[in-house]
Amino acid sequence: MATQRKQRMTIVSFIVVGSAIAVGLVLFALNEGINVFYTPSEVAQGEVPSGQNFRIGGMVKSGSLRSGELQGTEVQFMATDCLVDIPVSYTGVLPDLFREGQGVVADGYIDGNGVFQASQILAKHDENYMPAESVAAMEASGATCDP
Amino acid sequence: MGSFASFADFISMGGYAVYVWSAYAFFALVLLVNIWQPLMARKKYFRQQLKREQVQAERARAQQEHEEMRNGNAT
Amino acid sequence: MWKWLYKLGSPKWFYTMTGQYMPWLVGLTVILLGVGLVWGLAFTPPDYQMGENYRIAYIHVPSASIAMGCYYMMACMAAAFLIWRIKMADMVAKACAPVGMTFTAAALFTGSVWGIPTWGTWWIWDARLTSTLIMLFLFIGVMALRSAYDSAQSGAKASAVLTLVGVVNVPIIKYSVEWWNTLHQGASNLSLSNTAANPPEVWVPAFFVGFGLLGFFLIAIILRTRNEILIRERRTDWVSDILGDARGEN
Amino acid sequence: MLGVKDLYCERDDRVLFRNLGFETAAGDIWQIQGSNGSGKTTLLRILCGLNDEYQGEIHWNGQALHKVRADFHRQLFYLGHAPAINKTLTPRENLRWFCASRGLDKTDEIKQALNSFKLYGYDDLPCYQLSAGQQRRVSLARLKLSAAPLWIVDEPFTALDKAGVAELEAFLESHADNGGTVILTTHHSLNMKSPVKTIDLDALATQVAA
Amino acid sequence: MSIVIATLRRELLIAFRSPGDMINPLMFFVIAVTLFPLGVGSDKAFLSEIASGVIWVTALLAVMLSMDSLFRSDYEDGSLEQLLLSPQPIYFIILAKVAGHWLISGLPLVILAPVLASMLALPQQSLLPLLAGLMLGTPILTLLGAIGMALTVGLSRSGLLLAVLILPLYIPVLVFGTGLVDSAQGGMGISGLLALLGAMLVLAVCLAPLAIVAALRISVN
Amino acid sequence: MSIVIATLRRELLIAFRSPGDMINPLMFFVIAVTLFPLGVGSDKAFLSEIASGVIWVTALLAVMLSMDSLFRSDYEDGSLEQLLLSPQPIYFIILAKVAGHWLISGLPLVILAPVLASMLALPQQSLLPLLAGLMLGTPILTLLGAIGMALTVGLSRSGLLLAVLILPLYIPVLVFGTGLVDSAQGGMGISGLLALLGAMLVLAVCLAPLAIVAALRISVN
Amino acid sequence: MLGVKDLYCERDDRVLFRNLGFETAAGDIWQIQGSNGSGKTTLLRILCGLNDEYQGEIHWNGQALHKVRADFHRQLFYLGHAPAINKTLTPRENLRWFCASRGLDKTDEIKQALNSFKLYGYDDLPCYQLSAGQQRRVSLARLKLSAAPLWIVDEPFTALDKAGVAELEAFLESHADNGGTVILTTHHSLNMKSPVKTIDLDALATQVAA
């Protein structure tokens, strides 16, 4: 009887201690930040070496989109997180949701001129769904970060 | 047609017909499968149970016949 | 409360009870799903950005929610079966796996189809999509493990253990959009007061579809569970009575 | 029919038999005797050509076995320890494949063969639902279908109940009476009317040791 | 040749009765392919370059792992002995068995490959060569794997041993199969490589059964 | 805790007596890794990009395939029943068994990884993160694999089923393991990811034995 | 010691036993009898706690078994069909691990235990080099080392020769004489001086059918 309880206590305390360590490590990890795509600010701070392939995520800066005057299907725009702008260049078909002021995720690398050469552009939708007529009201209220 | 001007508009879904309708079709398929399969399984179960009873009866009969035949040969 | 739970553990009670309430449940489900789907497909105004394509949301989101809920339900049943040996719990868990698998497949398919025009890709290896795919694999694995055993008892217990091991994946699906930067969007903040972003005319039909699908899910589970009850209890008197009735019909 | 001269076999450095010789004729029933591990199964498998780790001569109708292998296999029915029954298939499917693999055109007689081994109405059930004894019966039903004169059967009575054993004995005997040959091993004592020739591997082993 | 048809029928029947044999290789194929984007990064341009290689390597592994169901149960229940004692040509029986196994475990891989290829962003023009290569290559893999399985079926723990024996033999198929896709991508003709793979297939079909039968005789012993 | 040491000793002794258990996973690792340059092309710059992913995926598969030797022979000879009837804490016996298995089949992979990494031209600065990841990751893989193996040890044909059950659970380890290398290559800090892997390891060590024991009880039944 | 009340077990929809009840005391020898597949092994495994698919009560020294599991396992020695011997290890290594897993500190007595089962000089040979009978003896040597009062042994006489059987019988008897309890199954007829209590599962089954 006593031994059974003692055994169980050993195992339980082992598990409790282990879980505590695990929680500590997770908290530490979250503190360090584990990002999978980089914001323009991080890129600007030189956290990503040039020539390296990585993913950048931000908003398409309003008024920065140029396509007509460029060759073929090339487009250029600024990706921004409201703090830093990074010029992005891409050749290819853009997704429907790609709009100025909307989220964008791009795969590619920074070339020698500091331009992000994207090999793929993905549009990121935000959390809001609304009929077209509410948009005006919404913009008036200034509910979103309008880059 | 609600927010659509015409039925044709509704079908074309503002140019997204392929996406919207294939998604809804798959969804409908999932619903269908989840009803159809258990109902069929139920039918099959009843059929099997009834057949099992028949087979048991038949088994007894065949055994009897076989034994009678053998006894007939023996005598 | 306990008495009720105890009764739920009785296959016969479950069978007769669900038989009684089934018509009501079916009726409610048909109404909810019908209203929700027609409303969402034809009457909601198009989204300001995605236009009509947005209507996929009305099936994508509830499919994904039901799939995740189904895994949780399967895990609870597995735990109940392993801890208290409730046989009914195992029957429900067995019914959950194929249903959950199909709903996960629906979430994946509708999401992918939706992604083609909106994101520009039908697949990306982000955390939400990947963890959803893992859930599909888990459902399949649970079924495969159960059927690999010759002994139904052992198969039931083994798949229950696997179900519980895999349950960590579900919160990962749910919170992946918050923990990592995903291409998939985060949770929408629905509210009755906010009429601009996510106004009621957008989400009310979603509620109808959501609850309708919940009803449908319950129906699907109940149908399968009833079949399972008939198979496992085929030697009992009450099942042979049912069989007798069936013979009369034929 | 099948003859053996000067057969020698060792396994894992242990001599199982040496100087073994016999000659079967039509109508013979031969029983190989010996304790566990004395080499009964090994001998049967050597005779069939499934095992070639022996020295000595085996001949079939006067010719060295390896020269007339195809003909020999046509005339041979072998049944080993394992029943050679696929558990996911039904008895009927199992026997149908057996007929095909022996080049027999007897699919109509399958039901009858099963019935004669008391498997009434079991022909369309997957074999894993059958008990060990019933599976053995499916396996034996092949004897009914086979047209081979030489039967080599290794412990055919395992898993059979008393009545089954008696019937199978009678059946083996009738095969010998019709001019066939039976070579078998069994741990139980045979109860047959016709004379049974025996080979005792244990005796042979003591002879070797001496 | 009725024995060939009968054997094929038997194999397919068994497979349909125990669906795990059919579904597990497919599931492995899908899961293993999904591991790669997670492992090497999911950049589309990059994925498209490794796509064909990944699909080939995974198909290789899936075929190899699926071999276990080819002879294992026959060995255990004694059917294999009966097969070797059949007066019918064993060569063709074995061929039929292997063909049945390919239909169950190899062909589904080929059929599923386009879906996985598009998940890995394989360029459109490479798809056909990939499929052609798999169509010719997977039967070779199955035949070679059957030799390895026949050699190891008598051992109780054969999983990794089989891999170590058979994977080196798979290398030529892999080289030509992925070469096919590369050539197509590079705009070169692929008929030469196709012919080579075809030649390998014909050779394997002709010679592998001999090796398999010999190996089975040893295993049964 | 002398039972832990005794169990470890027993596992290591068995492994040294039957070297196949140790060498086969290694051989598989080497062969499978060499398949990739053949499959995806052997351009050095290109190889170096996929190197870490390929090594991780192959290590995953090698660990998974090596699981068979963990409980199979104990199951067959009845030792597993004895183990479950031991009055000593089974939790720790199982932990010791799994640790022993990792020492035999996981650790050698980690030790061999640098060689394969240089074959695949992995950049120098990525080597250490790769090794650190494997060092923390392979025990997790072994523990998770042991759960799968415990669930399937009673089944005769478990190879592919094990893969289907376990590979999905391996995905998080793969993601963090390769993420570690990528972060290092990108010049970012890796301590966060290391801590995460460590947390997973600690959790696996604590909780997996519970699942393994439950699964073994079912399998032995 | 070990008691059972109203035990019921079915497997694959077949009732193996029903209303089974007995109570062992110190000094008892119990033999479970029954034909193949009648459920002897199943019963022993249920008693040990390896199988929990039963209904009814099992108690150990008056307490429900699942409450005193660790204590019960300390007092129990179980030997199943399989010898639980790792073939690559030597007898000594096998027994050493056995001692550790039971928490016994008896490594010095291993050689003696092996000798008392006539394994003189075999203690450092890998077990795959031993014959089946010798492996069985290694397995049995654990009885000598174990301090448990309750022995549950499933067909312990398989693979033993005549002399070995007699010795083992005497050994089991002496354990009972010293106040231990033995529960065993065997297909051969026991030859013991002390009275052997029997449970016949076949009789129970016909009782059920009636």
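Which chain is which? They are A, B, C, D, E, F and G, in the order written, and residues in each are numbered from 1.
In this text, a contact is a pair of C-beta atoms (placed from the backbone, for glycine too) under 8 Å apart; a residue touches a chain by one contact, two chains touch by 3 or more.
What you are looking at is a predicted structure, and each value in this text was computed from that prediction instead of being measured.
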Can you give me the shortest step count from subunit D to subunit E, moving only between touching chains? 1
Out of every possible chain pairing, name the one holding the most C-beta contact pairs. E-F
Answer with same or different: of all residue numbers used at the interface between subunit E and subunit F, are over half used by both copies? same
For subunit B and subunit D, let me know how many angstrom lie between their CA-based centres, rounded off. 45
Whole-Å distance, C-alpha centre of subunit A to that of subunit C, is 31
For subunit F and subunit G, let me know how many angstrom lie between their CA-based centres, rounded off. 37
Subunit B residues touching 2+ other chains are none
Send over the residues of subunit D in touch with two or more other chains. none
Do you know which subunit C residues sit against two or more other chains? 44-46, 53, 117, 121, 124, 130, 137, 140, 144, 148, 151, 153
Residue positions on subunit F within touch of subunit G in the complex are 2-3, 6-7, 9-10, 13-14, 17-18, 73-74, 76-79, 81-88, 93, 220-221
The subunit F residues in contact with subunit A across the complex are 87, 89, 91-92, 179, 185-189, 191-193, 195-196, 198-200, 202-203, 205-207
Contact residues on subunit A for subunit F in the complex? 3, 7, 10-11, 14-15, 18-19, 21-26, 28-34, 36, 47-49, 52, 54
Quick check: in the complex, which residue numbers of subunit C touch subunit B? 39, 41-46, 51-53, 55-56, 59-60, 63, 98-99, 102-103, 105-106, 109-110, 113-114, 116-117, 216, 219-220, 223-224, 226-227, 230-231, 234, 243, 246-247, 250
Taking the complex as given, what residues does subunit D use to touch subunit B? 115-116, 118, 120-122
